[in-house]
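The structures come next, written out as C-alpha cells.
Same chain, two partners: chain A is paired with chain B first, then with chain C.
This part shows the complex of A and B:
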C-alpha cells in the first residue's frame, strides 16, 4: 500500500492525489512473521444488514419511504421524515458531492491501525442524505463523486466514494484493493483445468492481471489439446489434483497452500437423470464425491492455508470461489441428482463462508444457468458460454461480491423464485 | 402563540465540587460519582438524607443508570433524572433541577457527572457510542471523535477561512488559564509554535486539538435561595437557559448548532445580551466547536469567529475570558464530567471561589454545552446565563 503524502500543516486538508500504480510484489521474506488477519469493525444493527445484502449482490440500495419518498441513511426503523414504518430497500442515485475529507493517521481499531493513513469523508448525496464514507484517493474535496457499496474484510457493507469518472489504475487504490478480491498480481488455483470453464477462467484471470495460474489436472493420463496449449504460457502451471483423493489434495496443499491467493473450484461431475430413473446410486455417489466431498477435502486442506495468509503484506489471500449452478437453489428434475449435489455444495459453502469470514477470506458462490459444454448438449439455448462464466467470475472478484448470477436463465430464475417458488418448482418439472 | 417563559427566581446553584481528574483509574464510575456526592455533602453541610433529588450523567456507569446508583449510594430521592447528553449534560441538569426545586418536587438536587477511564474504556465507548455510529461511522476507519471533528473542522476552515493559528490562539490561551487551575492534567505551558508543530492525528486535527480522555467527576447542588441562606451557602442565580436537540438536520454538514434556534430566547429571558457576559465557558472538545459557539451565541456573525479570535484575547485577564480553568483541552475530558467542567467553573467565578483562575469582578457569565456525535454531527446544544446572587 502506497503512503499518501500528507498536506503541509497549515493547509486545509485532503485534496486528492492520483492513484499510485501497484507494482508487482517482491519475494516474500521467508523468516519474517506473516501478518495475521484482523478484521474491520463487524457489529451492525439488523436493519443495516440491508446494505450488506445489496453489497453482496453488487447493488447500491438504500431504504426509501414509500409514503414520502425520503431516502434514508443511516438505516432506520421508521422514516425520519414522516414516520412510516414500511421502508423499502431500493436502488437510488448514488451520486453526490464530497463536502469534506480527512486522512486518518490514528485509529482506535487494530485493522485500520495496520493500514494507516486512511481516507474518509462526508458525501452529500443528490438523493438527500449525508454519508460518512471511505474515500478513493482520486476524489477531490468539493468534487462530484459516486458512491458504491462494497463488502469489507469483515463481510459487512461499507460505502466508498469513487471519482465521478474512472481514473487510471483506480482499482489499485488501497480501499478498493482491501474491499475487492482483484486477481491482479495474485496466484490462482483452478481445481479442474480440463473443464471448459476452468480453461476459460485461466485465460480471463491472466487477462485480469493474475500472476500465476495453477491449473488442476484430475486425469493426467487423458490428453486434452486445449489444456496442453494453455501450458505453453509460462504463467500457467499444471498441477495433478484429484479432489476425490484425499492424499492428492493434501499433497498439493502442502506444496501450493502458501502460494495461492484465490482458489476456484471448478471440479464438477454433471450427469442427466433424476431419482427413480437411476437404477442404482453409483453415479450419485461419484457426483457427491466430486461436487460435495471434493469441496470439503479442498476446504480442509487449503482453507487453513488461505486463512493464515489473509493479511500477508506481500500478497494476501482473498477469495474462495465455488462454481455451482442456479439449480443449487431449486432442483431441476431432469438433472435431479446433479442438482441435489450442487445444493449440498451450496449448503456446505455457507458453512465455509462463515468459517472463513473470521480471517476475511471471501467465499464467492457462482450460479450460472446451463453451461454451453458437452454435458448440456441437449439443453436448449440460452446457455452460458465458458467465457461469459469466466468474465462474470472476474467481475465478481473485482467487485468483491458474494453471489454471482450468470446469464439470462439464472437472472430470470431469481425473479421467479422470489415471485412464486411453488410455481417455479412446478415449471422446472414440466 | 408562545407562552411567556417563567424565570428561575428563587433558585440557586451552589457548591461546585470537582474530584481531581486522573489519566487512568482502576475504579468504576460509581466510585467517582460517590466521591462527588461525598464532597457535595462536605461542602454544604447537608446529610445524605437531605438530598431528595438526584441527577446523574455518566458514560461508563453501564449497565447501571441513575436508578442503580441510588441503591449503590444508599439514597432515597423523590426526584431522579439520568441525562445521557454528554457535553450538554451540565446545563441540562441545571435547568431541570431548577424547575424541580421551583415546583417543589425536590428541595435539594445533587447534580453529578463522572466517568472512569480504564486503559480500554475510550475504545469501548467510541465503538458502541450509538446505533448510527456503530452502523455508519465506526466501520470507516474507527477514528472516533477525531475523525468526526476533522471533517467538521476541514469544512469550517474551507468555508470561513479559519486557520490553524486561529484555533491555536484559543488552545494556547486555554493552556495559560489551565496553569492556574490545580486540577488540570496539563501542567506545562503551550506555545503557538508547539501547537502548530504537533503531531498530525487526522488532518487538520493535530495533537493539541484533541482532549485527553481521563477519569474524574464534577458536581453541584441546586436548591432554593432560602435553603441556601439557611445553610450559609453562596449560590449563583440562573438568569436563563436553553436546550435544543438535532437542530438543522437538513444542513448537509454541521456548520451551526441548535443554539442559533434559541439564542434570542436565551438573552431575552436573561434580560442581558452577549456584551454583558464577563466570561464564557464553552464546550471545547475540539477548537472548531469553540468558534461555532462564539458565533451561534451571538458574539459575532456567522462565519466571523476567526476574525473575532484575531481581535480578542482569551486568558483570564484578556478581552474575552474564555474557558477560564483551561477547558477540557487542558484539564482533560472525564467523559460526561466534560459537560460539567464549564458549569462548575462558572459557579466558582460567580461566588469568588475560583482561586487562581478568578476573573476580576465577574458578575455575569455564559455557560454552553454541546454533546453527542450520534452520527455525523453533535446533536445536543444547551446554554445558561448565570449571575452572582449577592448583587
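This part shows the complex of A and C:
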C-alpha cells in the first residue's frame, strides 16, 4: 500500500500532545503529479442530514424530544426513551468527557487511507448521549472536551472533539484543517478588489494568514485610492479581471488557476429599482451579466482548476465564496431587479456546490443584510460594514460552513422567513 | 459618368498610387467606452462569446456572438444621437443619405499641443492657422482632429481619468458652430473616445461638438486611429455605419483613400 509520507510532527499520539504549528508550504515541484481528490463516505440517512444542516450553518444541534427532553444521538425517527415521534432539532450543550480514544493505522476507505494515522474516540456528552467522534490531537483521554459539528470534504456533518479550552495553533490540527477552509497559507482571488467588500476582505484574509491575495480590478482606468494603497502590501497583487468579459476571465484563469486555493466572488452590480419603474432592461442585463453570468464564467474557467487541485499536497484548493445578499432569499422590491439577480446567483451557486462537492471544494454563500457602501446610501441603519462582512467570511472559512448570514437584518430575515414567509413578503414591499 | 473613371480608379488602387489607410481600432473587450456617472444608462463595451470553434458545439465551423452599444469602438454618430438633432430629417443611420458615407477630409494636426496639454481645445484661430498652410476647408468635408490620442495606452492613458473626470482634447465651443456656418463641414472626427473633449461638460453649451454638429444634421466619427498617416488634405473617407433601424450611430470600419505620393514616408506597409 502506497501511503502519503507524513511528517513525524503530525503523528497523532494515542493520548494527546500539543498541535505543531503549520509551516509555510514550500514551492510545489512543477513536474510532480497532482494527487486527485478522494472523499470520505458520503451516504447519510435523511434524518442525519439535520446534522449537516446545523454544520452548514456553524451550529451544534441534536434532536431533542419535547415530551421527555431526551437528547438523541444518532439521529432517529422516534425518541429512544419514550417513542415520541416529534423530535426537534435544537442547540444543545456540546460539552462532555472523552472516555477513550484510539488511533487508526489502517482503513479500507480511500480517503482515510491517504490520511492515516487518524484519531477517533468516544465522548460522553453532558447532554446525555455518547458519540463516536473524530478527536483533535490536543484532547487527552479522560479530559473534558467540546464537540463541534463540521462539514467534511464530502459536505456531510461529522463530529470532532476539541479541547475544552483553545490551545496554541489548534486550527493547524490535521483533522480540523481537513474540515475547515482556513485561509492560513492559502492564496485567495478576490474578483472585485475595487469594491468596499473586496478591500475589507483582502485585509481580513491577510490577518487570517493568507499568503497571497490576487485583487481583481475590473476598471483599471478608474483610480481608487484604497485599492492603490492595498497594493503597497507585497502580499497583494493586482489582477485586471472583468467578469463580464469571457476572454478576461479565461486569461486570468489560465495564469492564476493553479495558484488559487480560495476564490471569493465580490463582483456585484447593485442598483435601485423594480420592474415596472425601470424604463428598459439594460440595467437588468448588466446586473445579470455581472451577478449571474459573471459567476458562471468564473466557475467555468476557475472551477476545473480548483477541483483539480483539491488534494494538492503543498496547498490544496478548498473553497469558493459567493458574496450574495439576504435579498437573494426573498425579493426586496425597492431593489427588485438586483434581488432577482442575487436569487439567480444563489440558485446557480447551489448547482455549483453540487458540482464542486465531488472534488471536495466547499461553496460558501454569504448573505449579508444591506451593506454600508455607496449603493446603499439611502438605506437606513443597521447596515453591515464591509469589515463585519469580511470577518464573517473569515469565520465561515475557518469553520468550514456553507451558509453565512451577516448582520442583524439578515438574522432577523431568516427567523421571519421561517416563521411566516408571506408576512415577510408583504413587509419587504411596505 | 464615363465608366473609365472607375476603371482608372481601380487601376490607381491596384497599382498602389491610391493608398488605403485603415482608420479603425480593433474591437476588443478591453477597448474603452465613454464613462458616464454610474446612475445614468451605460454603453455596453464590446463582448464576444464563442458559439463554436470546430468542436462539439459545431464541428466544422467557428463563429461568435458579440454585443456592444451603438457607440463602442471606432463609431459613427448620427444626428439623432443628440437631443439637438432629434427633429432633423434623415437623422438616423438607416435614413442618412448614403452619399454622406463618402467624403473628403481635412486633417488638422494638433498632436504637439495635445501631447503637452490633454485638455487642449481646438479654436477658430487654430483652424485659421491650419488654413493658412493648407488652404480653406472645402464645403462638405470632414474635419478630423489628429491628436495621436490613439497611440496612448488603453484603457488608462487613453481615458485619462482623474479625480475630476476624463481629460482628453477636443474642439472648443466657438469653433464648432463656426465650422458649420462658415465652412459648411460634413462632420467632425477625433481619435479620443468622443468627439468632444474629456471636460466638455464644463463648456457652454456642454458637449458643443455633439450639440452643434448634430443640431445641424452633421456627423461625428470617434475612436479613429492612423490619422498620422493621412495628408492634411486630399484624403477620401469611407464611413458607412451599420443599417440599424432608427440607430443613433454604429461601430464601423473607416477607410481612407489617399494619394500615395502625399506621404511617402509613412507608406502603408500593406501596399
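In the analysis below, the second predicted complex is superposed on the first by the 417 of 430 C-alpha atoms of A that agree within 3 Å, B and C clash if a C-alpha of one lies under 4 Å from a C-alpha of the other, contacts with A are read in each partner's own complex, and residues count from 1 in each chain.
In the analysis below, contacts are C-beta pairs under 8 Å (C-beta built on N, C-alpha and C of every residue); 3 or more make two chains touch, one makes a residue touch a chain.
Keep in mind that this is a model prediction, so the values were computed, not measured.
Enquirer: Given the alignment on chain A, is it a clash or a fit between chain B and chain C?
Expert: Fit.
Enquirer: Now for A:365: first (chain B), second (chain C), both, or neither, which partner does it touch?
Expert: In the superposed model, A:365 contacts neither chain B nor chain C.
Enquirer: So in the superposed three-chain picture, is A:52 touching just chain B, just chain C, both, or none of them (first/second/both/neither)?
Expert: In the superposed model, A:52 contacts neither chain B nor chain C.
Enquirer: Would you sort A:246 into first (chain B), second (chain C), both or neither based on which partner it touches?
Expert: Only chain C; A:246 stays clear of chain B.
Enquirer: Let me test your reading of the model: by the given contact rule, A:349 touches which partner, first (chain B), second (chain C), both or neither?
Expert: Neither partner.
Enquirer: Which touches a greater number of chain A residues, chain B or chain C?
Expert: B
Enquirer: Going by the contact rule set out at the top, does A:399 touch chain B (first), chain C (second), both, or neither?
Expert: Neither partner.
Enquirer: Classify the contacts of A:109 with the two partner chains as first (chain B alone), second (chain C alone), both, or neither.
Expert: first
Enquirer: Using the touch definition from the top, say if A:180 reaches chain B (first), chain C (second), both or neither.
Expert: Once the two structures are laid over each other on A, A:180 reaches no partner at all.
Enquirer: Which partner does A:75 reach: the first (chain B), the second (chain C), both, or neither?
Expert: In the superposed model, A:75 contacts chain B only, not chain C.
Enquirer: In the superposition on the shared chain, how near does any CA atom of chain B get to one of chain C? Answer in angstrom.
Expert: Between chain B and chain C, the minimum C-alpha distance equals 39 Å.
Enquirer: So in the complex, which bits of chain C are touching chain A?
Expert: 29-30, 32, 35, 41-42, 44-45, 47-50, 155-156, 158-159, 161-163
Enquirer: Given the complex with chain B, which residues does chain A contribute to the contact?
Expert: By the definition above, chain A touches chain B via 6-7, 9-10, 12-14, 40-41, 43-45, 47-48, 73-75, 80, 99-109, 111-112, 118, 120-122, 124, 130-134, 141-142, 152, 154, 156, 158-159.
Enquirer: Across the complex, what residues on chain A touch chain C?
Expert: Interface residues on chain A, with respect to chain C: 220-223, 242, 244-248, 280, 282-283, 286.
Enquirer: Please output the residues of chain B touching chain A within their complex, sorted ascending.
Expert: 122-123, 126-127, 131-132, 134-144, 146-147, 150-152, 154-155, 157-158, 163-165, 196-197, 199-206, 249, 252-253, 375-376
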